[in-house]
Amino acid sequence: MSLHKVAQATAGFTGADLENLLNEAALLCARAGRPFLNQSDLHEAMMKVIAGPEKKSRVITPEAKKLTAYHEAGHAVVIHDLPTADPVHQITIIPRGGAGGMTISLPTEDRDYESKTELTEEIAVCLGGRVAEELFLGDISTGARSDLERATDIAHAMVTRYGMSKKLGEVVLDTGRDEVFLGRSMARTKPYSEEVAGQVDQEVRALLDAAHHTCEDILKARKAVVEKVAQYLLEHEVMDAETFLTFFEENKQTAE
Amino acid sequence: MSLHKVAQATAGFTGADLENLLNEAALLCARAGRPFLNQSDLHEAMMKVIAGPEKKSRVITPEAKKLTAYHEAGHAVVIHDLPTADPVHQITIIPRGGAGGMTISLPTEDRDYESKTELTEEIAVCLGGRVAEELFLGDISTGARSDLERATDIAHAMVTRYGMSKKLGEVVLDTGRDEVFLGRSMARTKPYSEEVAGQVDQEVRALLDAAHHTCEDILKARKAVVEKVAQYLLEHEVMDAETFLTFFEENKQTAE
Amino acid sequence: MSLHKVAQATAGFTGADLENLLNEAALLCARAGRPFLNQSDLHEAMMKVIAGPEKKSRVITPEAKKLTAYHEAGHAVVIHDLPTADPVHQITIIPRGGAGGMTISLPTEDRDYESKTELTEEIAVCLGGRVAEELFLGDISTGARSDLERATDIAHAMVTRYGMSKKLGEVVLDTGRDEVFLGRSMARTKPYSEEVAGQVDQEVRALLDAAHHTCEDILKARKAVVEKVAQYLLEHEVMDAETFLTFFEENKQTAE
Amino acid sequence: MSLHKVAQATAGFTGADLENLLNEAALLCARAGRPFLNQSDLHEAMMKVIAGPEKKSRVITPEAKKLTAYHEAGHAVVIHDLPTADPVHQITIIPRGGAGGMTISLPTEDRDYESKTELTEEIAVCLGGRVAEELFLGDISTGARSDLERATDIAHAMVTRYGMSKKLGEVVLDTGRDEVFLGRSMARTKPYSEEVAGQVDQEVRALLDAAHHTCEDILKARKAVVEKVAQYLLEHEVMDAETFLTFFEENKQTAE
Amino acid sequence: MSLHKVAQATAGFTGADLENLLNEAALLCARAGRPFLNQSDLHEAMMKVIAGPEKKSRVITPEAKKLTAYHEAGHAVVIHDLPTADPVHQITIIPRGGAGGMTISLPTEDRDYESKTELTEEIAVCLGGRVAEELFLGDISTGARSDLERATDIAHAMVTRYGMSKKLGEVVLDTGRDEVFLGRSMARTKPYSEEVAGQVDQEVRALLDAAHHTCEDILKARKAVVEKVAQYLLEHEVMDAETFLTFFEENKQTAE
Amino acid sequence: MSLHKVAQATAGFTGADLENLLNEAALLCARAGRPFLNQSDLHEAMMKVIAGPEKKSRVITPEAKKLTAYHEAGHAVVIHDLPTADPVHQITIIPRGGAGGMTISLPTEDRDYESKTELTEEIAVCLGGRVAEELFLGDISTGARSDLERATDIAHAMVTRYGMSKKLGEVVLDTGRDEVFLGRSMARTKPYSEEVAGQVDQEVRALLDAAHHTCEDILKARKAVVEKVAQYLLEHEVMDAETFLTFFEENKQTAE
């Protein structure tokens, strides 16, 4: 149930990765007996390189499938309704690598910096899956772990590295420069007082709670869309951007 | 007195383990003078590989035997009464490896994720043995140590890794990613404030206390079954799933 | 002034230790000009292997001898009066290895697990020597150090490993699994909050204080026996189980 | 969006750096077909060596460009209005190395020591860019990270190394001498009490907050100049000292 | 101004040390042209091996000499008046090794254990020098450093290793077994709560304060003796046990 | 602006240093065309070896020169007025090594120990430069850093190593023996409770504050002398002991 931005992933591509990507695409093209690579070959190759091969043979219980469908629908609908989030490109509940499903968004442009608004909405996008589980299935799962880690990391960086908390001010508490020597947990060793440590915890928590409420508001307002997206995924396993947007159109017409 | 899920154990099987398993089964089959492996050969072989060989020669005091019988009966009855726990497959008080006895449950399906409800009930299953000692023997023993460790680990992960505590919210406090460099105790070094550390302790404690009460409620309500299961174990040492379920039937009829 | 359970020590015996033991016994037997090993040879050999050779040449001041006699009498009388403690086998104030004296108890059976009651009484047995110094000599000494360490270790394990404190619940705070990498003090690094750390300290202290009072109650009630045992030790240096029990018989008659 | 003092950078120049600088200048001169190095060759060479080559090919979104323009305008205007800050030499929003833009100031003299007043104003200069983002664009970005780190470092040094806080007195809490062995986060390990740690945090915060208000006061008073500088940068990408000063002249005349 | 017990020092003697000692004695004997070693040769040789050679050439200011004289007089008089302290053997203010002077006491017997009373008085003996500086010279010096370290170590061990504090009880907080791996400061890393850490500090302090008062009481009562001992040392530099005891006799007669 | 005691520096001289010193002196003597070394050759050679060669070519701003002049005047006048401080030998504002200026004092005798009074006054001598900056120039600078470090080190040692604080008593909290393994910051890791850590901070602070007030009292009372010394230094760069003492004479006469 991890969340991928294709651009984010490709940004870190090395020459070897790109060669790998093209070979994969060429192979898919050759298997299909087509003379030239088309966009579908490249797309599938990219997914394979980024998230690992599809695991079609893995037996999935109906409960797990339902959980994944609502989880991904949650991510996708939150993405759609947040102004700065990159548009949804594809949603899938076919397992790939270690993930049960995936919502892929495509950034429309290169960004050098991220604003406070963008980071705040990115946290909400991360929590969309978990909140959907809670609202639509009445139980939550361990599947949201990597989403929650990413959300925590962003919130922590906003507060301790980017001076984006009014409460803490523009102090940089965590330079993130010590990761080399003794691993991450050492790097986070507090060089500040218990009082400030408590304020950091409160601010990180506040950012995550606010994002949680954003998700609740969106997913409650979009209840019908979430249901439809989840049902579609349970039937077809994959959903493209166009189909996804159709549900919002229908929803709008119904709402009128 | 450890608790095994066969599927959990076999999940981590390597090719070498499987070869080992089949050789053990073939050996047992050959010793019995049978031409083909039967299910009993495979079962005994699996137990041997997972939990070590039976230690029939070990002299056990009557007190220790009684303790083990009630402890395992406690695990088994709690498992039976919790909706999401995997059904009991076998209960034994023949020592194997380092354990005095064992309750084996068989998952009915593969699970990729575990829900909050499942994890909550898993903690109760772990505590079932200890609570039975307390209620039926009036003393508690060091034999529950690995059960308590597992219960603590699950509760700790729910609170600090899976964002399943309302009090702490969706913050990931322990990524579990630092185990490589300096061993476990380093990895748990707190990167958060005393206040949050206190909340974690309270929430972990609350989960364990709730599970303790669940066990008490079940074992008090099922007092007659526990007594019968323990007596049966003291007489026959091993109990299969069918016999185990019979006691519940009888109990139901009595209750009517 | 260390306290030995023979069975505890022999439990960890390797093949090499046993060979060593038999050679020692054979040597003692040969020196005595006897054709066959008798129980006394085996006993002396075992003591030599476990606690080191007797140091008959060491000059001991009368004060140290008196201290040791009352200290060992304290251990022995507390052992006698606690239901779950293993019976006293021998008491000696001949120095051996690093210890000034020794009280040896013999378990009547193999135990796989220890109950809360057994561990609670074991702490009291450890403190018996120190409390005797206090009550009978009016001063305390550094000789109790290893007794106090053992008592603290048991109490600490009850609270942090075996979930035997009502106040702390069934949480496992110290898994004891980190000893390999950075030695003991690292392993005990707190992965929990100050509040829980304080509760651990209070519970460990409470267990030790309760054991102290148990010792005081026993030793005050058995004042006459302690005096006689100590006097006997000062005269004969070694006391066997039978002689030890005689004093209690006399005491009982007197009391009647 | 980093802030450079040319002298500061050149101060650390080795012979090899200088050779590198001259070769770069010679190359630029040769490419331009000129017989002798002129000041422009040296300037461009110096910029290249200090901040890396210009990245003219990098595609920048209009939003990022606008952000950079106001950020740099903020730095420059704050520098202009603070008595002890070195005068602005050049402002550019052409990306170089890892920075989106740069404000270069030229110290008028060598300084061996820095006074409390100078350090206090230097913190304000660092925060000028971030405060401009907030006041003129209504959102803040991650681009200020290195500015905030530098501001925090100066404030921290004033309080813990240079005894410049009335609240903490002339105690040196951080000698900065431990950086060699275990990296920075280790060096900052507190050798003082929680109370003093809290006072350090409060004083560092107070210095940063005061600098923030200084920036707000200056940038609000100089609103028209900031707007003009930013617009000019969006049009021409580079601004020299003379042009920069002209805007203040106009502003003054308008204000009269 | 360190304090030596000859027996303590010789206890740790290796064969090589003893050889060294005898060679020194033989050399002194040969230099004196005597055919056989006498007690004086052995004594001087022992002093040389334990505390380093006399530094007769070192120029000492009258102030330092006076300080040392009163400091050593303080140690010696406190030793004399405490029942369990080993009798004074020699007092000297000739510098040896790193020490400006020395008070040597000779234990009358081997001790395996030390009682609480003995340790309590040993702390007072350590502080005798410092308290004499305070009472007789009105200023205190850095010369007491090793005395204070030894006093702190004894008090710390009484509280944390030997269970000799009523306030802390019989808990062993510091096993002293971790010194091997990471040096002393690591070994003292607290494995207990802040509350207990605070109690340890209070108890260590209380033991030192009590010892301080013991010294004050003795040295005020023995004012005349201290003055005479110090004056004698300033004149003769060395004082033997007999001379030392004479001053007490005189004092007694005066007091009568 | 560092403070040197010549004797302190020469105490650590190795044979190689002395050879170096004599060679320097010989060179200076030869350059001057004199046949024999005179005291001036030795003095200059000693300064060069201790503090590095004069940096006459370094361009110094008038502000920096003024700062240095008042800073050194502050040190010198405080030294003059404190009874236990070693007399001023020379004051210079010619940069040497890393220091902008220097006040050299010459101890009149060898000292083995330092008294509480001496250490207390030594702290005041360290702070004299900083306080002069504050009183006479109205701003403070980073130039006092090494003075403040030395003052903090002395105060910390008085409180934690030499038992010279009434509040903390004679406990040795910092033995200073751990510096070898993990560098200084590790060595200062607190082996005591937060409460004691807070008391240490308060006492260190109190010693520094008291020294600050001592400096203020002296420098305000000697305002005229400080001004004259600073003016003289600005004119002549170097001042010897005689000239320095003259200003006090004049001042006295004026005061009469």
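Worth pointing out:
For reference, chains read A, B, C, D, E and F in written order, and residue numbers begin at 1 within each chain.
Operating definition for what follows: a contact is a pair of C-beta atoms (placed from the backbone, for glycine too) under 8 Å apart; a residue touches a chain by one contact, two chains touch by 3 or more.
Computed from a predicted structure; not experimentally measured.
In terms of the stated touch criterion, the partners common to chain B and chain D are A, listed by label. With steps allowed only between chains in touch, the distance from chain B over to chain F comes to 3. Counting every residue number used by either copy at the chain A-chain B contact, under half are found in both chains. Averaged Cα coordinates give chain E a centre that lies 35 Å from the centre of chain F. Chain geometry summary: the mean Cα position of chain D and that of chain E are 61 Å apart.
Multi-chain contact residues of chain F, defined as those touching 2 or more other chains: 182, 186, 189, 194. Viewed as a contact network, the protein chains form a single closed ring in which every chain touches exactly two others.
Order of chains round the ring, from chain E towards chain F, by the touch criterion defined above: E, F, D, A, B, C. Against chain E, in their complex, chain F makes its touches with residues 109-117, 119, 161-164, 169-172, 175, 177-178, 180-182, 186-187, 189, 191-196. Taken together, the chain D residues at the contact with chain A in this complex read 59-61, 64, 67, 95, 100, 127, 130, 139-145, 148-149, 151-152, 155, 182-186, 188-190, 194, 197-198, 200-201, 204-205, 208-209, 212.
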